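Listed after this line are the structures, all set down as structure tokens.
In the two assemblies presented below, chain A is common to both, partnered first by chain B and then by chain C.
== the complex of A and B ==
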């Protein structure tokens, strides 16, 4: 008998149990979300959620935060990842170490530090008004997404010959900024889109930062609805799951696309 | 000469500098501020009294509940995740099914936070679909039988929804690294299935398995949103206590909050350090 002979029966049994555990809550949530009216199924819970102006506002706010986080991350991480590959290889392990830190430091610790370091009496009073708190929240999301975005961008850079591309551009007379914008960035569009959808998935439902910085994002809205309603949360969970599936679908699509290039 | 040296220095650092400044401002300094604060009293003098304050039963209690939930959900996530990964990698399931499971794991490991709590409430909460279906359809009342979603056990079950997929995502590349030739070589040398597992695979895989479990542990330890939406504050997690402390200084001692933060950073820091050590150990085998 071969040491690792496939055992389809055991494999199917394990798959069946897992499929049950993972699909029953989803199916149950869908059915629950459709049973708000006593007589038969209806989309009543969805209608209430989607016509709630504070849902629209919170959704829009979180979407804007996600877009801001992607833009800021791209501006920070693409040059950093490119530079450490080309000019400062000795710094590479330090940059990598820093990008791993957000996985070590729980988000509640991060926002606790923000609140104490940037309170209204501090040297940089970012929490003193709503606009600057919005910016602080974006910076927080940039930090949370950093481990994932750095890794996708670094993988993108590894897949192309950065040094040759740079030298070719230099010999044609391009400066570093020009190379970054017109050579490196276009080559990385797959990786960046890839990271963007992952960032979107992280930011849309995020609760801790938004709640403690007291900003009207989707996470705190969900919490409020969850504490006060019965059927609407189920509808929101279905919407959130579809959104996550959508984001991860694009994430995988773009990772395959990048490999294909 | 001086000028060109200076130019090179500026060019070398210009692309990395914004990233480093940003990380200092929004990652390093805020964390350092809490760590330093943990060693200070309310008059900014050095003290270790904050750490004695951590021994209050309210705080040690919540540390233990957090450790229990994180450890149990990590161990169960590791076990079930290992089984599922094995089934995908070596069980002979159709290739299309494998791709679907991997995509689903990517989604489910990101489907955490408040919506996950909603899904479990809608399924096995007191008026959830599964709960009422079992009661009306089969006369089984799971809540009368002692089940409670808003408990440590219920929270662990909910956490498994993202812990198992995370284990699959971390561990599948490891199992994919096992070469067919190793099994054939062992077979030629007369090894049976048990001996192959015991003497070849186990010594190679255990650092990855334990390492993954540690990562799952740290992942659960820092989580807050699912627990908050699910249980309010009926399960006394350290993250929930810290959340209350940040909002309203419930411990009546600002620096005690810093000490709690320090304790959490220490736990997640040590966990991640162990994970990286174990990973580099397993990478020497699996390339």
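== the complex of A and C ==
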């Protein structure tokens, strides 16, 4: 069989088309966001967005929700994934199936289920005040983030010899909680950061849960601005994109810093 | 419950996984400060036994006592053991200091005591200056030393070593096994060592337990094990062995027929039925060039092959239809025999080890 000949021109053409597919709309959005003033380019749309106290409040709220979702998810998923891997390997396929469910059940069904279960007339009226609705929203985000966080954490556990590390710690007198906190969790720092980044990306743009639970998150704010303004939504899209890249850089930095784990 | 002077006791221990019995009615007593090796082929149950002593596996039957205390149902953290694993099992997110200090922190030693003890362990295992390194910055030998220091830091009652040298290269293995043995003697620490490497077991142990199919085939000193194996399996598993089938000739003289040649065994083999087939073992180093002293069994052999192993010269000899391996110390003043050369060799009757007397009548 003749060896495959390199096709540099075809490869570059495919790469150029793919790169254009992603970058041209982005460049157009950036240009449009800078075109608010008729007599030249300006950051006026950005100034308006960033000086809007509602944006800052919505951004802060969603960020707080994302942090809460990451913390709750980590506390829930790390011990569960560790336990399944170590003591219940036969259950692994079932746990994987359950963690995939949020991907096949649309958020609209999830939130209507929440409203039916936790409305103010139910046995657990979580929607009866703002704080408990915030908590309900956080749990909703934990559910949405579960497929991603579980997989990143499970991949992290797969990359180390969980059983031997656990046995080594047990032989040194450590109990389950100490093993989890002192041995397993530090080794999963990269995986948790990876999952946290994905959770952040999901929560910052999420609309359905926040809107139907009537909470002042970034998703409903973006929708409101998009429906009523011209240049500001483009500026918001660029800001959101920049934040995403900042988070990726942040993750990369910390995962490289994790010192050989 | 206190039982005699033994420090570790395994009493009729059994272990089964489902229907498979992997350790069968195993009993052993270990004295304080003794170095015991579990030796056997893969799947013989040696690691399972060690894991039962550590508490990582439950026993299906029997009891385990440490310093007179029944620990059979206790979890590993309550057994005061130190364990070193084949895969090092260092905590990857901790540096050398924190790895060694891990058990001490769990035991709530104060900061000063921890620093002193870690420094002592670093010195003992010759790791000074590496305390801030992370496991991935260390060689295999250094990592295993850290694992040893970590296991010893809490002053365990018993040190358990699960094939700790298997992942290391040949030279490091030899130097580390000597270090482990020196440390063990210095600390007077009761140690159980699991290995499938007979050389390691022979060189390090006070006693060796040879396991096969979950059973202890023989528990003996290395010298006894090699020179007086209790079964054909041990004779063949420990060291290299020539397996020879001979036919009993004149029973009153112990004369045997070896492929048409007359050879004699020692006086303990006089008697029996003429014509019975016997299987003997003969160590390669028991064969030597020349005619030997009076009473030696002399053979004329053809050199089939010569393996130069450095300090040892291993010759493959053909005697009639039988193949014999012969080991000689390398001596630069002696010539290495040519292939197909005819040589005269001998062995003493007492070097023949009877492996099987029930081989039937010829």
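Please note the rule applied: the second predicted complex is superposed on the first by the 241 of 261 C-alpha atoms of A that agree within 3 Å, B and C clash if a C-alpha of one lies under 4 Å from a C-alpha of the other, contacts with A are read in each partner's own complex, and residues count from 1 in each chain.
Assume a residue touches a chain if its C-beta (ideal position, glycine included) is under 8 Å from a C-beta of that chain, and two chains touch if they have at least 3 such contacts.
These numbers were taken from a predicted model, which means no experiment stands behind them.
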Partners on chain A (chain B, chain C) - clash or fit: fit
First, second, both or neither for A:250, with chain B first and chain C second: neither
First (chain B), second (chain C), both or neither touched by A:189: second
Which superposed partner A:197 touches (first chain B, second chain C, both, neither): neither
Which of chain B and chain C A:61 touches, first, second, both or neither: neither
Touching partner for A:46 - first (chain B), second (chain C), both, neither: neither
Superposition-derived angle with apex at the Cα centre of chain A and sides reaching chain B and chain C, degrees in steps of 10: 100
Partner chain(s) touched by A:141 [first = chain B, second = chain C, both, neither]: neither
Overlay on shared chain A, then closest C-alpha pair between chain B and chain C (Å): 9
Chain B and chain C footprints on chain A, overlapping residues: none
Touch list for chain A against partner chain C, complex: 160-161, 164-165, 167-175, 178, 182-183, 186-187, 189, 258-261
Of all residues in chain B, those that touch chain A in their complex: 11-16, 18-20, 22-23, 25-31, 33-34, 37, 80, 83-84, 86-87, 90-93, 97, 101, 103-104, 106-108, 110-124, 127-130, 160-161, 164, 178, 180, 183-184, 186-187, 191-193, 195-197, 200, 218, 221-222, 224-225, 228-229, 232, 239, 242-243, 246-247, 257, 261, 264-265, 268-269, 272
Chain C residues touching chain A - in the complex, by the definition given at the top: 54-56, 75-77, 81-83, 85, 87, 89-94, 102-103, 106-107, 134-137, 147, 150-151, 154, 160
Residue ranges of chain A touching chain B (in the complex, touch as defined): 1-8, 10-12, 14-15, 18, 21-22, 24-26, 28-29, 31-33, 35, 75-77, 79-80, 82-84, 87-88, 91, 95, 98, 100-117, 124, 139-140, 142-143, 146, 176, 180, 198, 201-202, 205-208, 212, 219, 222-223, 226-227, 230, 233-234, 236-237, 240-241, 244-245, 247-249, 251-252
